[in-house]
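As written, the chains take the letters A, B and C, and residue 1 is the first residue of each chain.
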Amino acid sequence: MARARRIQDTELPEAEAIRRAQQGDAAAFERIYQLHNRRVYSLCLRMVGNTAEAEDLTQEAFLQLFRKISTFRGESAFSTWLHRLAVNVVLMRLRKKTGTESSLEEVTEPDEESGGPRKDFGAPDLKLSGSIDRVNLKRAVDQLPAGYKAIFVLHDVQGYEHNEIADILGCSIGNSKSQLHKARMRLRELLHETERDKAREERQAFKRDAAGED
Amino acid sequence: MMMRQTTGRTLSALMMGWRAAGNMAVILLFGAASPVYAHHLQKQFDVQSHPLITFHNPSGKVTILSWNKPQVLVVADHDSPKIEVDAEQMGNRIDVLTHQLADQINPDELRANYTITVPEDAELQIHNDSGEVTVTKILGDTSVETVAAGVDAQDMGGYFVVQTVGGSFECARCSGRIEVHSISGNLQLVDDHSSSIFAQTSTGDILLDGDFLPNGVYRLKNYSGAIDVKFSHRDSFDVSATSLYGKVDNQAKLTPPSHFSTRPPKYARSLFGSFNQGRAKLELTSFNGTISIHKRD
Amino acid sequence: MGMTRCEEFWNRSEAWMENERHPEDSDHFAACPRCRALIADLEMIRKAAPLALPETEPSARVWSSLRAQLEKEGLIRAQGSKWWQNLLPTGVFRPALAGAYLGLVIIASVTFGWRNHSKELALIHDAWLDRAQNAMAPLQAQLNSAEAKLVPAAQTQNSDVTATLNRNLAIVDNMISMCEKSVRDDPQNEITRDYLYTAYQQKADLLATMAQSGAEGR
C-alpha cells in the first residue's frame, strides 16, 4: 500500500502536485522539487559558477516557493514563477556580494565598458573555428555580467521564450531580446580572445621548440 | 537563539500607590504625544539572511521599519483585554499574530498597534484589515493585504505587491517592481525609480509622478476614476492611452506609433505615440474615467 | 561620418537573428564575409549552448536540508492537521467559493478563448452571445449563491471592515452590470470583455475576503 502510494506520488502531474502542496502534503512538495530541481539548480550554477553556492541558492529558492505556494493561483506558469523567485534569490546574493543596491535594470543593462560587447569593426575578419569547445564556452559564460548571463541561460540553454523571460526578470520583451543579443556578441568576443590566446601559446611553443633544436 | 521578552499590564500596575498617581499626571499632560497602553509586548529574535515575517492583525496602526542588524524586533501595544498579541519564531520565519479572546468585542477593542523592525533583506507578508500600514526601506519581497487600511510605503527595493479593497496606497521613492490592486482606493506613485509598475483600481484615482526608466513598463488601469501621469521633457516613452467612455487629455508632443497592439473601438478616446525615443512603455486604460498626461510643474 | 554597411548590418544583426530581415541586408550579407562570419558564430553559439551547458542535478543534501527546514518552519507535516487550516474560513463557505472560481474559469475561457477565433467572429457573433450568456448564467448563480451565504455572515465586529466590504461589493456589482451591458452592445470589444472579467474576478476575491473576515470575526 505504501509502495503504491509512493509510485502515485512520483507520477503526480504538476497541477495536482501544486494543489496538494497548497494543502501541505509533504509528498507533493517532494514531487514539485523533483520536477524542477535540475532546472533551478542549473540556472543558479550558471549564474554563480560554484556548486556549493548554487546548492544553497537552490534550497533558498525552493524554500521561498514553498512558503508562498498557498498564494499561487496560476496567473502565470508555475515554472516561470519559480524561476522568477530563483533569479531574485541569485540577484539578491550577488547584490549582497558586491555591496551595491543595484536594481534589476542595472543588472540587465550592464555597463558596456565593463561587460558589454564592443563593436570593433577594425578587427580582423574572424570566424570561430569549426566547433565551440565546451570548456571554453562555459568559461566565457562565467565571465558574462549577471544580467546577460541570466537571459542567455534562460533562452539559449533552457529554451524559455522572450515573453516568459520578460515575466521572470520583470523586463520588457524588447529588453530581453536586446540583452540576449549583446550576451551572444560578448561571448563571441570572449571565444575569439581564447582562440587568439591559444594560437599565441602555440606560436611561442613552436618558437621554443625551434630554438631548442638549434 | 536569543529571545528577550517583556510583557505586562503596565497601566494597572501604575495605578497602585502615590508613585502611580504622579505618573498618571505625566501621562495626562503628555498623553496625546505618547499614549500609554494597558498591554505591551516587546520581543526580539535573531534571524539569518532573508527571514520571512508574517503578520496578521484585524485593526491598528502598523509600522514596519528596517535596520542592518540580523534581528527582528516586535513592539506591540493595545488597551483591550479581549485580544492578545503574540510573536513566535519558527526557523527563519517570525509569525506575528493578534488573537481575539472574546466572542463579543467592539471595534475599538480589536485595535492593536505594532512597530516591527526587520533586516533590510527580510521578506514580509502583512495582513491588516483596518487602520494604517507604513512600510519603509525593505529590499525583500513584500506583500500587503488590507480591507480598509491605507498603505504608505517608502524606499521599497524588492517585488512589492499590495491588495487593498478600499484603502489608499502611496508609494514614494520605490525602486523594486510594484503591483497594486484595489477596488475603491486612490493610488499614488511618486518619485519612484521602478522599471515595472502595475496599478489597478476600479473607482479610485491613480497618480504616477516618477521616473520612466529605459525599457520600463508602466501599466495603470481603472474603471471610473482619474488617471494622472506627470512627465518631464527629458522622459522617453511609448504611450497607449484608452478611455472607452471617458476622455484623454494629453500635453506630450507625440510622434505616431509604428504599430497598434490592440485597436480600440472607434467610439473610444484613444491616444498612441512615442515621446522622445520611446524607451519606456506606458499603458493607460480606463472605462469611463479621465486620463491626463501632463507636464510636471 | 556615415556608418559603413557592416556597421549598419551589425546594428541590425539582433533582428537578423530573430529572422526579421531588413531588405538591404540580404545583399550585403551575401557579399560580406565578415558579416557572414558574425552570423555564423552567433548561430554556432546558440546551438552549442544547451550541449555545452547541460542541466545537472544538485546533490541529495539539498532536498534533505530543504525538507528539514520546511518541517522546522511547520510548512509540511506528513500526518496530522495542517497549521494553515486554522486560518481558512470554515468549510461551509469553501464549496461556494470553489464554485465562484470555477465560474471565473468558465468566463475566462469565454472571454479570452475567443481571441483565437477573431477572424470568424463576425460570422458567429450570435453564437458567441448565446455561449457567453450561457456561461455567465451559472457563474452569476454561483456568485449570487455565495453572496447570499457570505454577506450576512460577513458582519464582522470591525465596523470599518464591514462597511468597506459592503460599499465595495456595491461598486463591483454596479461595474458588472455596466460591463455586461457594454459587452452585449459591443461583443467584439476586447477591452470591455477584459473589464467584465476583471469585475467578476474582483467580486470572487471580495467574497473570499468576506468569508475570511466573517470566519475570523466569530
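We take it that a contact is a pair of C-beta atoms (placed from the backbone, for glycine too) under 8 Å apart; a residue touches a chain by one contact, two chains touch by 3 or more.
For clarity, every value in this text was computed on a predicted model and none was experimentally measured.
S.K.: Can the chain contact pattern be summarised as a line, a ring, a star, a complete graph, or none of these (other)?
M.R.: Chain contacts: complete, every pair touches.
S.K.: Tally the contacting C-beta pairs at the B-C interface and at the A-C interface, and name the larger one.
M.R.: Per the contact counts, A-C leads.
S.K.: Chain A to chain B: how many Å between their CA centres?
M.R.: 33
S.K.: What whole-number Å value describes the gap between the mean CA coordinates of chain A and chain C?
M.R.: 25
S.K.: Going by the contact rule already set, what residues in chain C reach two or more other chains?
M.R.: 69, 73
S.K.: Going by the touch rule set out above, which residues of chain A reach two or more other chains?
M.R.: 67
S.K.: Considering chain B alone, which of its residues make contact with at least two other chains?
M.R.: Those would be 93.
S.K.: Contact residues on chain C for chain A in the complex?
M.R.: 4, 6-7, 10, 13-14, 17-18, 33-34, 37-38, 40-42, 44-46, 48-59, 61-63, 65-67, 69-70, 73, 75-78, 82-84
S.K.: What residues of chain A sit close enough to touch chain C in their complex?
M.R.: 23-26, 29-30, 33, 37-39, 41-42, 45-46, 54-55, 58-59, 62-63, 66-67, 70, 119, 121, 125-128, 131-132, 134, 137-138, 141, 152-153, 156-159, 177-178, 181, 184-185, 187-188, 191
S.K.: Flag every residue of chain A that touches chain B in the complex, lowest number first.
M.R.: Chain A reaches chain B through residues 60, 64, 67, 71, 88-89, 92, 96, 101, 103-105, 108-109, 170-172, 174-175.
S.K.: Along chain B, where are the residues that touch chain C in the complex?
M.R.: Result: residues 56, 58-59, 90-93, 100, 103-107, 110, 129-130, 147-148, 163, 165-167, 183-184, 200, 202-203, 223, 242, 244, 262, 264-265, 268, 285, 287 of chain B touch chain C.
S.K.: Can you list the residues on chain C that touch chain B in the complex?
M.R.: Listed in rising order, the residues of chain C that touch chain B are 69, 72-74, 87, 156-161, 163-165, 167-168, 171-172, 175, 178-179, 182, 186, 189-192, 195, 198-199, 202, 205-206, 209, 213, 216-218.
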